[in-house]
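Letters A, B and C name the chains as they come in the text, with residue numbers starting at 1 for each one.
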Amino acid sequence: MSPQVAGQIELLGQVLISGILLGGLYALIGLGMSLIMGVMKIINLAHGELMMVAMYATYWMFTLAKVDPYVSLVVVCPAMFLLGVAIQKFLITPVMNADSILPQNQVLLTVGIGLVLSNLALLFFSANYRSVPVSYASKTIYWDVKMGGQTISLSFSYPFLVAFAIAVVLGAALFVFLGMTDTGRMIRATSQDKRAASLMGINTQRITYITFGLGAALVGAAGALLDPVYYLYPQIGGPFTSKAFVITVLGGMGNIPGAVLGGLVLGLAESLGSVYISLGYKDAFGFIIFVLVLIFLPKGLLGKGRA
Amino acid sequence: MSLLELRGVSKRFGGLQAVGNMTFKIERGEILGLIGPNGAGKTTIFNLINGYFPPTAGAIFFKGERIDGLKPFQVCRRGLARTFQVVKPLARLTVLENVMVSAFSKTNHRGEASRIALEAIAFTEMESWRDRLAGSLPLGMRKRLEMARALATKPDLLLLDENFAGLNPAEVEKTIAIVRKIHESGVTILIIEHNMRVIMSISQRLLCVCYGEKISEGSPAEVANDPRVVEAYLGVAHA
Amino acid sequence: MRKSPLVAFGAVAALAVVPLLVSNTYVLHMLVMVFLWVLLGQAWNLLGGYTGQVSYGHAAFFGVGAYTSAIMVKSGFSPAAAWWGLLAGGLLAALVGSVLGWICFRLRGPYFSLSILALSEVLRLVAVNWKDLTNGAEGILYIPAFNSKAAYYWIVLALAGVSYLTIRAVMRSKLGFYFLAIREDQDCAESLGIDTTKYKLYSLLISAFFTGVAGAFYMNYMGFIDPGIVFSLSDISIMMILVTMLGGAATMAGPAVGAVLYILMSEAFRVFLKSGHLLFFGILIIVIIIFFPQGIVGTLREKWAGRRLRAANATAPKAGA
């Protein structure tokens, strides 16, 4: 094998690795959104802004108290859960059944919530880009593969690897929770048929609080995990909200395993697209895939979402 | 040539056969009653005829032309109107505006649409409700609004889906009179109804379906006394 | 009802005199912005309020209108006054609208809203990256044709007036009835003989046209655009919804009321809180949705209609009578 070919393989391998690692984090963001969409049938356009809040919380814990971002998860996730419950209880629930000429009022409401969160951050923390300078930020692990007489050297970013591992653990925990616990079963029942669930004696109101809380906690975890590898700034939420709905639609609305797949597909699409097509259009790939999937595979890649 | 003809029409939803091999005809000027137990597929038949979804197999002819595969608005424009069992008033529009919407399928002029609409409103005796918002109507009037709207499209064939359900006895009598009047004005009618007294008195011919299949067809008396029909409604023991 | 065209005509005549009496350029600038937003609110209201298709992506049409006019001037197709640009901006926006509509109207409800948002973001990225055409993120700059604000005031007043009269006429015609029917119940509309896909597209075309004209006017007036300004989700797409909602969706006067309040508040917030001024609009969106879902004009009208309805109920016949 010629060195050129080996170089090409190395590049491709590297692109796939970073795509999958990024996809793990995207999956975490998508899981939260998909849960909310499944139970409430609304699209949470403040999802990325919730992540931004968690990123700032993690940032300040590190800056003020030297708490490692991975450790701060223990505080950030429960706090985000409570914030999510409060948003659902005091803002979204009251307008769920209100009559209005404009349809999808709740979705617009989440737009308002997102604007409030991002502009509060702008007001308090200024528009400056910040980062969490952990000691291991640029630590890299190499893996050399011998192939056809050439050595292909693949690198793994340490913080991305840790983030991916934690995302896998959290995702698995979510599956266990939804599959094995009573509350988890109630969430799935409410997601399938809210009316039937409430006729079976499930307090669906309470389930919506828990669901929004869980969604916020999951995206909050993603935010904390992103801190060591990403810049944070008040407007970071917008693009991630877009990513979240792209992922959810890819996976099929409300389809939990689908959200994981959607996250990986988006991570790979961005990573492959920015290297092989154009960096400037990186964010456009997600949107284009999104519209194509909505039209041609309205049930998502797994074909098991919304009919 | 029959006005409407279904030839071997079937509809499957996934593994569920909602309508199977349905074949029947309606001649111009008839009133055909469609009966059957709950979940027999009556409304599905309407949805197939009206183009709400296409059949899985078979063909539907209206005035000799195939209409299966057409969209509901195309079917409507050919002169086939329907009402909905679960009424669909345009809630924030008045009764008059509701009926004008359907009258616009016959004209582009507001004045003409209003004239057609007022005629349909008078025909269904809804004049005193004309300016009420459709969303604020009581159920009986919503059912009548469905008829007024269907009439304003000037149909040749009208599909009525349980327009008597939930009405009080006085309203039932009134609605029977209106349906007769519509029929006398030259409209052919296919009607789904659970109230046996109503359907026996209105229909000239009856068709009974059960589990999506035709089990009996004939004069009201023949169908009512058909053991298969009695069995479908009451179970084997009574047959 | 008969009086309203006269009233509107009188109002426009009165407004046209304003620049002769007011010479303060700041005040005139504010008024220009108000009428620009009346135009934008009217345009969004036709599709969102009257036809019930909530678009989160109208910045696409504003941006296309603005860039059309800018590129025409830069490439010498049109003088800086760019009257052609206004028309061309509107027409190109309508063309883009027909493409986006063809794609997005396959979807309903929130999926329509999101897909049009996604495509408007794609257009923004195209404007950033297609440097040969748009000069990328640096934007396009030229000297506006008129020194006097009054000229722009009259132009935008006329545009807002034309859009008002057009949409009013549309809403009184067959099209308007069909739009309302689609908003209220799409399946029902279809069964009453309405080709819903076609009529949704008509609504979008008119809406996109006026939004594009507004974008082209904005370029001519400000003399500078970049993709972040004219394709902005938060400053254009979302604010068009806010202006309509604030005044009252599906009312003729709503967008005008909304535009006046929006510009006043926008100035006040900018003074108090330089960078985070969108904070208050976020709060405002939440407050409107929870407490005044019908907007100002809508709430007033409802109160009035409620009284009328109670009066009507008192004399209405019993069902079946």
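By our rule, a residue touches a chain if its C-beta (ideal position, glycine included) is under 8 Å from a C-beta of that chain, and two chains touch if they have at least 3 such contacts.
If you're wondering where the values come from, they're calculated on a predicted model, not measured in any experiment.
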| item | value |
| --- | --- |
| Target chain B, source chain A, minimum contact steps | 2 |
| Centroid-based (C-alpha) most distant chain relative to chain B | A |
| Which of A-C and B-C has more C-beta pairs touching across its chains | A-C |
| For chain A paired with chain B, centre-to-centre distance based on mean C-alpha positions, whole Å | 49 |
| Length of the line joining the C-alpha centres of chain A and chain C, rounded to whole Å | 33 |
| Cα-centroid distance, chain B relative to chain C, in whole angstrom | 42 |
| Residue numbers of chain A (touch at least two other chains) | 101 |
| Multi-chain contact residues (two or more partners), chain B | 92 |
| Interface residues, chain A side, partner chain C - complex | 42-43, 91, 94-95, 98-105, 107-109, 111-120, 122-123, 126-127, 238, 242, 245-246, 249, 278, 280-281, 283-284, 287-288, 290-291, 294-295, 298 |
| Touching residues (chain side chain B, partner chain C) in the complex | 50, 52, 71-74, 76-77, 81-82, 84, 88-93, 97, 100-102, 104-105, 108-110, 113, 128-129, 131-133, 136, 138-141, 149, 153, 167-168, 170-171, 174 |
| Contacting residues of chain C [partner chain B, same complex] | 172-174, 177-178, 180-181, 184-185, 187-196, 309, 312, 316-317, 319-320 |
| Chain C residues touching chain A - in the complex, by the definition given at the top | 48-49, 52, 54, 56, 103-104, 106-107, 109-111, 113-115, 117-119, 121-122, 125-126, 128-129, 183, 233-234, 238, 241, 245, 249-250, 273, 275-279, 281-286, 289-290, 293-294, 298 |
